[in-house]
Amino acid sequence: MLNSPLVRKLVQLALEEDILFGDVTSQCTIPEGHRSRARIIAREPLIVCGAPLIEVIAKEAGWDVAVEVKAKDGEELVDQQPIAELEGETRHLLSLERTLLNFLQRLSGVATHTRKLVGEAGDVTILDTRKTMPGWRVLEKYAVRVGGAQNHRMHLGEMILIKNNHIDAHNGDVDSLFRQIKETKPWYTPIECEVRSLEELEKVLAYKPDFVLLDNMSDEMLEKALSRLSQLGDGAPRAEVSGNLTSERFKALNRIGVQCASMGGLTTKAVNVDISMRIAKA
Amino acid sequence: MLNSPLVRKLVQLALEEDILFGDVTSQCTIPEGHRSRARIIAREPLIVCGAPLIEVIAKEAGWDVAVEVKAKDGEELVDQQPIAELEGETRHLLSLERTLLNFLQRLSGVATHTRKLVGEAGDVTILDTRKTMPGWRVLEKYAVRVGGAQNHRMHLGEMILIKNNHIDAHNGDVDSLFRQIKETKPWYTPIECEVRSLEELEKVLAYKPDFVLLDNMSDEMLEKALSRLSQLGDGAPRAEVSGNLTSERFKALNRIGVQCASMGGLTTKAVNVDISMRIAKA
Amino acid sequence: MLNSPLVRKLVQLALEEDILFGDVTSQCTIPEGHRSRARIIAREPLIVCGAPLIEVIAKEAGWDVAVEVKAKDGEELVDQQPIAELEGETRHLLSLERTLLNFLQRLSGVATHTRKLVGEAGDVTILDTRKTMPGWRVLEKYAVRVGGAQNHRMHLGEMILIKNNHIDAHNGDVDSLFRQIKETKPWYTPIECEVRSLEELEKVLAYKPDFVLLDNMSDEMLEKALSRLSQLGDGAPRAEVSGNLTSERFKALNRIGVQCASMGGLTTKAVNVDISMRIAKA
Amino acid sequence: MLNSPLVRKLVQLALEEDILFGDVTSQCTIPEGHRSRARIIAREPLIVCGAPLIEVIAKEAGWDVAVEVKAKDGEELVDQQPIAELEGETRHLLSLERTLLNFLQRLSGVATHTRKLVGEAGDVTILDTRKTMPGWRVLEKYAVRVGGAQNHRMHLGEMILIKNNHIDAHNGDVDSLFRQIKETKPWYTPIECEVRSLEELEKVLAYKPDFVLLDNMSDEMLEKALSRLSQLGDGAPRAEVSGNLTSERFKALNRIGVQCASMGGLTTKAVNVDISMRIAKA
Amino acid sequence: MLNSPLVRKLVQLALEEDILFGDVTSQCTIPEGHRSRARIIAREPLIVCGAPLIEVIAKEAGWDVAVEVKAKDGEELVDQQPIAELEGETRHLLSLERTLLNFLQRLSGVATHTRKLVGEAGDVTILDTRKTMPGWRVLEKYAVRVGGAQNHRMHLGEMILIKNNHIDAHNGDVDSLFRQIKETKPWYTPIECEVRSLEELEKVLAYKPDFVLLDNMSDEMLEKALSRLSQLGDGAPRAEVSGNLTSERFKALNRIGVQCASMGGLTTKAVNVDISMRIAKA
Amino acid sequence: MLNSPLVRKLVQLALEEDILFGDVTSQCTIPEGHRSRARIIAREPLIVCGAPLIEVIAKEAGWDVAVEVKAKDGEELVDQQPIAELEGETRHLLSLERTLLNFLQRLSGVATHTRKLVGEAGDVTILDTRKTMPGWRVLEKYAVRVGGAQNHRMHLGEMILIKNNHIDAHNGDVDSLFRQIKETKPWYTPIECEVRSLEELEKVLAYKPDFVLLDNMSDEMLEKALSRLSQLGDGAPRAEVSGNLTSERFKALNRIGVQCASMGGLTTKAVNVDISMRIAKA
């Protein structure tokens, strides 16, 4: 996944924006050919994510840097614990430092934030959303998995997710909507319907969607919705809950028996964690 | 700036990762040729940033969407206030929705966070760092300016910033370091030296750097450093402060007379703000 | 879909390989500024496909060519029937001629071949495969839909399709295989299992796949397999048939009640249809 | 030739369209680090073409796959005969399988179809045309050579090929047309004229083209045209025949003494041949 | 030709290297929305070349600049004569100024230098070579034509040009060399042979090349070579002269009757001419 | 620096324009697998520049060519002295020959021209300008340094350089201009002001620019300007001289005490030097 053409393009963009005109500091201060070892370490407790990218980045820069990864993605590290050791020309190590750290700090930030929420969620499986940093879809979805949550849609071509806007385009005629879907959808593409009330739920059940998205419902309404679905047995759509999901509410969701909830905050409310690089003469 | 080739590449990447294989929901649920108006609105108090990007994104997608911007970048909006109005084919509007919002939410998030810190900083000018989201350097630096802070280096080719690592590569021989700089640096490139003690400050002053970076100093040490610099009159390097900058500490910095401080947190600790899009039939 | 970044890259590649160094014939024989009208017509009975691409190609070439499409994709045309009319500089029209025709001839070839097979298939829905011309995935899948068949997977990221190779990697331990899937698969991703005998079918049913692929089965075995699936009611996986699908066999499949069959030959056995361009002075 | 930037771009496009979002099946079913050997084999008698591409594709994907080619491009293989053996991570082999086969099946399809026509053509040298799959110009022209035929123009910048359209742009004034050519054409660029009758042939001979294209002529007319050209001795233009070339007609062309004929069908009427990949544990 | 994908890529590269991080001067000194007119003028007598590129460059930058071209490529201008007038936002005009001038100064430099040599050459047609600025092949070949000379090969795929190195690879066995050519060369590709003596000339004539390149020959030897070729009548290869071509020598070449000579110096010895841009308020 | 993404893009463009459709001569004349050694040598006295690019170019072409560099960039070579030795397949060496030489001849041409001017300049440090070949900014600035001069601005994002046009946009109100700069400029960006008279100099000194550009001044005026600046002591802006700088004038500039002068001619008046490649059997 970290080898996807999309990831390589982002890495190229990151290198372009920082070292397109070289690193004037390294070129003017580091003697040519000077070599060093560098150690990348955690500077606070964190879930590490992105370590395999270090080698991808160095290679994309076209530099010969030896990388030894010291921590597996998903591992919980304490302050000062090593993530990787690098060896190469000092100029190259210094020129790469900020780009490497910027990737690791963000990805580990998402993984750390996710792990915390997964811990609070109990038996509820947490899903991400498409609310990711533009350009970072593949990487942030990876960090979410490393953090212990699961991925919802990767992109708009994978799943039909029906919301009010789509029903409105048929002037509220759900029958007309599903006729169009039936005529045009790829054979295997799953269908999910967002519903905001028990009435809406009842209405869409007739069309046998694969998933229903119970959006912004109260605990009480959720309980009734799940109970209605359980009557349908094996053929029932699977239920996903969304909206208004605070850490505090997970207890209620566990009690009600919610199996799956999606949270945009996995990625939109994550902040970078602290990771740094230390240089020592080779 | 928002027209930079680097920004256009990020926008392309963002569109590729979301709609490379089309938007199966829109294609299967929205009648061909159906048109709508859409309104992008703030969903919480925020400093808006990125509004001019909306047109860039729609154009890059190759779709004919009319955009009317309702809020100028840097404006302070309240919940429900409009940012822009769009008009076009409903399929296009829905396919663009998430990409547009992801850009606006992040950029406005950085601008909002920056504005808050600028408010706390009093007379201290805040600078950003190169700790930006990889691929987003130009955009996040723009958001920082929109938020009211100033930009430090855009990339590694612009300024010589000497830290311990560079001195270590000369085995601590500062004379040897500055000899190499003098022989190789471009004529106009400014030089900044990081110092962590008054002794280090004294040592580098001999080489007349353009700027000194007073890193991780106590209030008392800062006071002495600034006093030393003021003795040098017009030819003195300008001072930048960094490290350990909490909101609480700004009062002290104002009292001491610090003019300028850089904070990685402008970008690394910003989170998305809430912005959404509402569709109405055209 | 025809606006996908992938399609635009293929169009660029097609223009590069033909007119990278200009069109020496047009430049040396057509007077500067000379204008013409051109008509693209069918030269044999065919299902037209790709007409909306004409404008995309002319635009990508950077030339101002007016395009009036005369036939809707999917329409059945007879010899000499017009597909589109173009108007512009004669040099531009001649330089684009071969590229336009090469796209239309292939796409219409796939649509025409598909339509013929769909006609023979009766009530069996035909699906395509990933056996498409490299670089043409989005376009050939579009031509298949235009021809009246449906799309199977667009790419490797959309669906889990388990074959013998995957079971072998677990030394035949299907339990171990599904444990790995359960732990790692994205929430909504559908699962399909290929089976080649009734024993294999029975074995995988325990894991409730969304689809089963009945590969290379005799009519008799297919009949038994479908009968077994029908016992499972609403929760039964949907069945897809593949392998050894000649036009002659569709009668049997209809009799047995097969609903869905995939055929690589939709794309691998299609040949170009004849389409040409006629120039007349503007 | 297979290393051309154009080929590498097509390979990248092919990988993007299939594994841009990874291979969810391999990732969820193959244990990490599991290795296999794979054998690519012919599944019907064929002329192999594209074997050197296997390594190019694996390298472009960024994966470490050892490739041992077992059959030289142009070799005639029988069913089950090996084309190449691969060794690497099972995930990588499975993710590459379809892309590798799609390239080999098309290129070997063109080479096989070409070889058959070359066999029927006797002493007539067969040339291809520019009627190639968009994006595939360099590759299909290579497959034609591998099949035993020769290449006509690679692209529009190489040769002046005068048809009726070009004469019409001078309102039929051939003198005016050749004046423009003489003033503007690159020094070494060859000129070919298409003629459809003996009168047209006579008219263009005055301008000493390097080649004449005898289009859609009857056997009788061809005989007269060749006889006229032979009167011109060493300075005569070389003749190419085109139009209406069925396998059956080659006997007549051999009798008449036609040396060279171009056939669009080499590429437009070729279909994929059957090639598959078998996996075995490493 | 100026619309070739290769030219557009060079223009993109030129814009990237100059305004990737914006134009800090314009942004900090020109009031937003301020508009101007600009006039591009010759600052010395010159042959103008590249005027149609101005619009291409402005468009590639994504800016709305109105361009009125005042001088046709190939026109001879005196000091102060206008080449084009532009109108648009002052920021855009200033940001484009240097890139526009750098293109025009080089291309007009090549055209001016070429025109001078063409004037000295009398009846000898001058050809260019592949000694062009990397990245500028299409543009410099265009400037050569604008200057009045003709183009030799555009790239390595167009013509077989045999030199000593190729004969050496066959250990001097010219027969073996031409056997390989006969078996592998595309049907229409012309053959040129470089010869340095009358003996070498005689040897290659047996193989009927389309062109001979008489390299570094004395006037006397040239005279004999041309006389030998004239004996061959209509079937004789055309002769190109190269090597040691100073302005002074053209008189001798005219006397001897040389028709065609190639000079690397057209492009390698050209220097920029002076062109500048003047801004006036709109 | 030679590893910058910008340089790699130019190298790709150079390879595309020459060998996109292969090297028909090498393919048709050199036996497959034939290997050679090649030596790149100076053919006139020159300052070598670009030797490290040889390996970059061969690698970008995707060919396995062993490169041994024999001369360090900046070294002064005499006719026949070696620059590098290459070893690889003869086809690859011949296909790369022209591209390698075109890069080396231009870069060494700029370095040689620069070295000559530096020699004439005495104690005056020479700076380049942005008048570089489009696409070549990074490379020509590198050649200037190799030749012994220094670099002025690399691109428009690095420095504020105020000319008349900028003052005119404020209707001559310098105060208004500097207010805008103060509000918007990045913290560290240096400011340079162009002045053409002592009055203009006096006016801008009030705003404490970092540099002043004394443009087109007579020796007498220059002397007065420098004398005025020296009164300001340590805080004085550094002075750069430009305009009308012939070799002859450097004596006067040395006498006056000018420290620094910029010359567009470093790059606009440089011509290629002669470098060639000799092949010998491996």
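Each chain gets a letter, A, B, C, D, E and F, in the order it is written, and its residues are counted from 1.
One rule holds for everything that comes next: a contact is a pair of C-beta atoms (placed from the backbone, for glycine too) under 8 Å apart; a residue touches a chain by one contact, two chains touch by 3 or more.
Given the structure is predicted, the values throughout are model-derived calculations rather than measurements.
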Other chains in touch with both chain B and chain D: A, C, E, F
For chain D placed onto chain F, the superposition rotation in degrees, Cα atoms, nearest 5: 120
Equivalent interface positions on chain D and chain E, same or different at half: same
Contact-richer chain pair [A-C vs A-F]: A-C
Repeat of the C-D interface, chosen from D-E, D-F or A-B (over half of contact pairs identical by residue number): A-B
Between chain F and chain B, distance of the C-alpha-averaged centres to the nearest whole Å: 32
Averaged-CA centre spacing for the pair chain F and chain E, given as whole angstrom: 23
Chain centre separation in whole Å, for chain E relative to chain C (CA means): 45
Intercentroid distance (Cα basis), chain F paired with chain C, Å: 52
Residues of chain E engaged with two or more neighbouring chains: 6, 16, 19-22, 27, 138, 154-155, 157-159, 184, 186
Touching residues (chain side chain C, partner chain B) in the complex: 1, 3-6, 8, 138, 154-155
For the chain A and chain B complex, residues of the former touching the latter: 6, 9-11, 13-14, 16-31, 34, 36, 90, 94-95, 98-99, 101-103, 105-106, 130-138, 155-162, 165-166, 168-170, 177, 180-181, 184-186, 189, 268-272, 279, 281
Contacting residues of chain A [partner chain C, same complex]: 125, 127, 145, 150-154, 157-159, 184, 186-188, 190, 192, 210-211, 233-235, 240, 260
Residue ranges of chain A touching chain F (in the complex, touch as defined): 12, 15-16, 19-22, 27, 61-63
